[in-house]
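Should a chain be cited, it is by its letter among A, B and C, assigned in written order, with residues numbered from 1 in that chain.
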Amino acid sequence: MSASPSQRLKELGIRLPPPPKPAGTYSSVVVDGATAWVSGQIVLQEGAILHPGLVDRDLSPDLAKEVARRAALQALGALAAELGTLDRVQRVVRVAVYVASVPTFTRHHEVGNGATELLVSIFGDAGRPARVSMGVSALPLNAPVEVEMLVALTEA
Amino acid sequence: MSASPSQRLKELGIRLPPPPKPAGTYSSVVVDGATAWVSGQIVLQEGAILHPGLVDRDLSPDLAKEVARRAALQALGALAAELGTLDRVQRVVRVAVYVASVPTFTRHHEVGNGATELLVSIFGDAGRPARVSMGVSALPLNAPVEVEMLVALTEA
Amino acid sequence: MSASPSQRLKELGIRLPPPPKPAGTYSSVVVDGATAWVSGQIVLQEGAILHPGLVDRDLSPDLAKEVARRAALQALGALAAELGTLDRVQRVVRVAVYVASVPTFTRHHEVGNGATELLVSIFGDAGRPARVSMGVSALPLNAPVEVEMLVALTEA
């Protein structure tokens, strides 16, 4: 994959969303040396949570996978706003996917693929992170999915 | 904010709690290069969990926010005991706030503010971390809140 | 503890399992500089989840502790496959133990000891990480325990 991430975004017709405003006392992105930590992202649309509730009760796993993709895209929007470009992303190191779901739902990894398939489409193998996926009892504002991301950067 | 963290603690009238004893096979703090990882902190008082149970069933969100504050303070106590001072804290990089709560509770971010508002009061903007907050099914010893912290350090 | 990790494994009669195949779009291990991130590990045996279900309902805490040990061992198998050896492990920095469990179960830390007691037996004090343990609503494929690991490495 020789195209830069910003070129790949264009090729894929993907526009980064504007950076989210933190819903509390935290930073959307903290850069520590060559590492960027992106806060857990939940997806709002026109001020309301997109597809709220518990997965496999209030929304389908397929919708949850799409929300995971949107949350990852939002993480990239936050990162681009902080760094001025996505082209400093050397490697997506870790992605955590928290899925608000009923105890009978056990396909959290498929929801998580919504986030990481997007990352691979943009960054190639550098977008294939270590990952953890799990079911949680609920998420802030009744979001169905929260995605946290850790990224290794090249020099500014 | 020109005062050092230890000066700010004095100004705020905050005394750090003694470092917690690990309740199992782990270290309270691991320093790896210029980064300190603080284990998940739950709050005990006189040997018993402070405000045990699930948030929004056994304790109010306001009490849970106060427990989050206490857990963050305990993390700082653990850090100070390990480093000999809080003045080596360059930046609080990441805070994770795990809230034991019923599936209908969706204000985990407000509970999390209990931890990060304290950090900002002590460290200023350097205390505004990347953050993730979520509802979990339960926590060790029936604690209502667990707070994990990652800190960037200046040279010893 | 003067023996190398690979010598300790022999002394303890422990054979590392083969590296797991990622069950989705992620990497089992990502090495970023001197740090290795190991994806959340769940334990399968002959293609099926070992002791599936929720802890304290479908399996005992003791069995869950054994699954945590197996998951940690699997993380080491993934690490050894990536690095060619465990002898580059300088320090286990952080372990996260996610326990799928009913809301009345509150001994997640004892389940977590299954993972970290193994690490201490192999790496000595270098295997005593910062740790976070919690109860989650469910895990991928109905696994009872998922273990995530962060390791500091010596130079190659």
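One rule holds in what follows: a residue touches a chain if its C-beta (ideal position, glycine included) is under 8 Å from a C-beta of that chain, and two chains touch if they have at least 3 such contacts.
Computed from a predicted structure; not experimentally measured.
S.K.: Please state whether the interface between subunit A and subunit C is built from the same residues or different ones, using more than half shared residue numbers as the mark of same.
M.R.: Here the answer is different, because the shared fraction of interface numbers falls below one half.
S.K.: Can you report the angle of the rotation that maps subunit B onto subunit C, using C-alpha atoms only, to the nearest 5 degrees?
M.R.: 120
S.K.: Which whole number of Å gives the spacing of the CA centres of subunit A and subunit C?
M.R.: That pair's centroid distance is 25 Å.
S.K.: Among the residues of subunit B, which are close enough to touch at least two other chains?
M.R.: Counting only residues that touch two or more other chains, subunit B contributes 103, 136-137.
S.K.: Using the touch definition from the top, list the residues of subunit A that touch subunit C in their complex.
M.R.: Per the stated touch rule, the residues are 34-35, 91, 93-95, 101-110, 112-113, 116-117, 119-120, 128-137, 150, 152.
S.K.: Per the contact definition, I'd like the list of subunit C residues that touch subunit A in the complex.
M.R.: 23-30, 32-33, 37-40, 54, 96, 98, 100, 103, 136-143, 146, 148
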